[in-house]
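The two complexes that follow have chain A in common; it is paired with chain B in the first and with chain C in the second.
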Partner chain A sequence: MNTVLSRANTIFAFTLSVMAGLTFCCFLTTSMNDHLSPIKIDVNKIIVKNVQDFSTTRDKNDLGFITFDLQADLQHLFNWNMKQLFLYLTAEYTTPNNKLNQVVLWDKIIRRGENARLDYRSLHSKYYFFDDGKGLRGNQNVTLTLSWNVIPNAGTLPRISGVGSKTFQFPDEYTPGNARI
Partner chain B sequence: MMDFGFLDDVRRMNKRQLYYQVLNFAMIVSSALMIWKGLMVVTGSESPIVVVLSGSMEPAFHRGDLLFLTNYQEDPIRVGEIVVFKVEGRDIPIVHRVIKLHEKEDGTVKFLTKGDNNSVDDRGLYAPGQLWLHRKDVVGRARGFVPYVGIVTILMNDYPKFKYAILACLGAFVLIHRE
Partner chain C sequence: MDAIKERLNAIPSHMDYKGQKLAEQIFQIIIIVFAVVGFAWGYVCEQFVQTVYILVAGFILSCLLTLPPWPIYRRHPLPWQKPRDDSKEIPQKESKKAGGKKKEKSK
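This part shows the complex of A and B:
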């Protein structure tokens, strides 16, 4: 069995298994990383309004507006088996309606080679902070956390919360009309 | 000129060898099926391995990348997670990220998804009038990732003739080949 076809077949099969083996070893070398990093979040301005939620029921729901500062150095998280980090800032709170509410306010993709030292001032949220009802006004305990989803070249997809979070409260009165921050 | 030498191989086989080849083929097919069904039991997901079919999660996932899913019911869904869900009226499951979530006291949960590469959330993709996804819509949650491996499936989907050619070649090879 020394035909061209059988030799090509053998070479192809061997190449595939070597590549699979190497990929698995690459995954093993980074599988023990905890991907943790300290972060710093500060909230500047906070207002809450009661407006028509055009995206869902068209009822009047609470809509929060905040601006925030963000500092983090995530450069050391990158290694040879890290394709990108997906960063997302989550607001987490409890309302009489719901035991748990999580709303992503802002996100960012950092690919390998891009700047991973974040230092933002007075960022506006990227997505609307609509509550599922009227649970934001006077809410005493809204927690902001920055988390990241690790996207490897090959391997698991862990989601890690940054060390450090910020808790703030919404004002007791709605901001009227078209006033914005 | 086509060479039909391989048919001589078949002609030279006796009955026992022929049976052996056919049984061997059946063995390969059934073990593939067993592995697939076994994975379904272990992961709790109705399709434990999916191929990414669209670019809506780029640059994380490209067309042809392979995802491993689990779907343990006791494992709560949280924001930031990549879920695979089915929408009524669409055959193909969608792989997107959860960006908003509300969970009631009794554990019922409703959530909204968005593709990393899309500028708007998925409400336009859901069934008409559907505003949220629920637990039952989820086929699985992405847990592992391998690039490129699924590209063969995409080729097969795009070019059905290629699929039949591959299947015919593999079948013929297994039946005819003698060790």
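This part shows the complex of A and C:
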């Protein structure tokens, strides 16, 4: 404290300590949030094809196409300790080969300040809905859920499942090659 | 270079002990007050960045107030003894303390 430099060092170190404490308090104010929100998913068109998945094998695999509606109001999730939400729509189903299959069909990033009231109609999936075999045709129990990651300024990165899901079934017949939805 | 160094060293930067204590208390109080106010304000307007801005403002203010050795920090100078005007006797005294052998060698 007897020279300018040592005083500057002390003040800077103290400021950084206080800032760390403030950040921790900011985390504490939001640590009790459950980040839950009701959502509504509907499925419109469902077809399944049997095509070659070039990325894995020469065999033909089942490829599902769906369009879906999605309504969710996530505005109330945002607080001062949240930078962005990462939403992703997952399809979950069981096949004879695997007890649990999870495929991410669609995702979206909502930054702070952007519109978090989602109202989509007839949305196409972003990513291919490939099964790793022939488990989609006639599958009676495919469940769509919307989940999200909370990306905070400070604290944990919770992974939340939205309240509400949609179960649908794939048709029993393949749609021929070039047909589109 | 040497001229610049001499000029820099000529700038007084010293605080006495009570001044150092006072400076430390001042910047701690300022930064903590700004931190509390910034936290409340950031919570109200839901922007943590406002908290950080206010804390940085407190940092700058405390730098202005406590980095330069303002006169308020120099009000309790140490009561140094006056330098004695017996520069001629010093070599003799030192040689006495150092002992006989050194005395012979040094002379």
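Keep this in mind: the second predicted complex is superposed on the first by the 179 of 181 C-alpha atoms of A that agree within 3 Å, B and C clash if a C-alpha of one lies under 4 Å from a C-alpha of the other, contacts with A are read in each partner's own complex, and residues count from 1 in each chain.
Operating definition for what follows: a contact is a pair of C-beta atoms (placed from the backbone, for glycine too) under 8 Å apart; a residue touches a chain by one contact, two chains touch by 3 or more.
Everything quoted here is computed from the prediction, not taken from an experiment.
Participant: Would you mind checking whether chain B and chain C clash or fit side by side on chain A after the superposition?
Facilitator: Overlaying the two complexes on chain A (C-alpha atoms) leaves chain C and chain B fitting together cleanly.
Participant: For A:R121, is the partner it touches chain B (first), chain C (second), both, or none of the two (neither)?
Facilitator: Neither partner.
Participant: What is the contact status of A:F14 with respect to chain B (first) and chain C (second): first, second, both, or neither?
Facilitator: In the superposition, A:F14 touches chain C alone.
Participant: Is A:K45 touching anything from chain B or chain C once the two structures are fitted on A? First, second, both or neither.
Facilitator: In the superposition, A:K45 contacts neither chain B nor chain C.
Participant: Please work out whether A:K60 is in contact with chain B alone, chain C alone, both, or neither, and reply first, second, both or neither.
Facilitator: Once the two structures are laid over each other on A, A:K60 reaches no partner at all.
Participant: Is A:N153 contacted by the first partner chain B, the second partner chain C, both or neither?
Facilitator: both
Participant: Check whether A:N81 is in contact with chain B, with chain C, with both or with neither, and answer first, second, both or neither.
Facilitator: Touch status of A:N81: second partner only.
Participant: Using the superposition on chain A described above, determine whether A:T29 touches chain B (first), chain C (second), both, or neither.
Facilitator: Once the two structures are laid over each other on A, A:T29 reaches chain C alone.
Participant: For the overlay on chain A, what angle lies at chain A between chain B and chain C, C-alpha centres, nearest 10°?
Facilitator: Roughly 40 degrees separate the directions to chain B and chain C.
Participant: For A:V4, using the defined touch cut-off, is the partner it touches chain B, chain C, both, or neither? Pick first, second, both or neither.
Facilitator: It touches chain C, and chain B stays clear.
Participant: Report the closest approach of chain B and chain C over their C-alpha atoms in the superposed model, as a whole number of Å.
Facilitator: Here the least C-alpha separation of chain B and chain C stands at 6 Å.
Participant: For chain A, which residues belong to both interfaces, chain B and chain C?
Facilitator: Residues 23, 153, which sit in both footprints.
Participant: Mind listing the chain A positions that touch chain C in their complex?
Facilitator: 1-4, 7-8, 10-12, 14-15, 18-19, 21-23, 25-26, 29, 79-81, 153
Participant: Name, in rising order, each residue of chain C that touches chain A in their complex.
Facilitator: Residues 13-15, 20, 23-24, 27-28, 31-32, 35, 38-39, 42-43, 46-48, 51-52, 55-56, 58-59, 62-63, 66-69 of chain C touch chain A in their complex.
Participant: For chain B, which residues count as touching chain A in their complex?
Facilitator: 59-61, 78-82, 97, 99-105, 110, 116, 121, 123, 131, 142-147
Participant: Sort out for me which residues of chain A touch chain B in the complex.
Facilitator: That would be residues 23, 55-57, 83-84, 86, 88, 90, 97-104, 107, 109, 111, 127, 132, 147, 149, 151-157, 159 of chain A.
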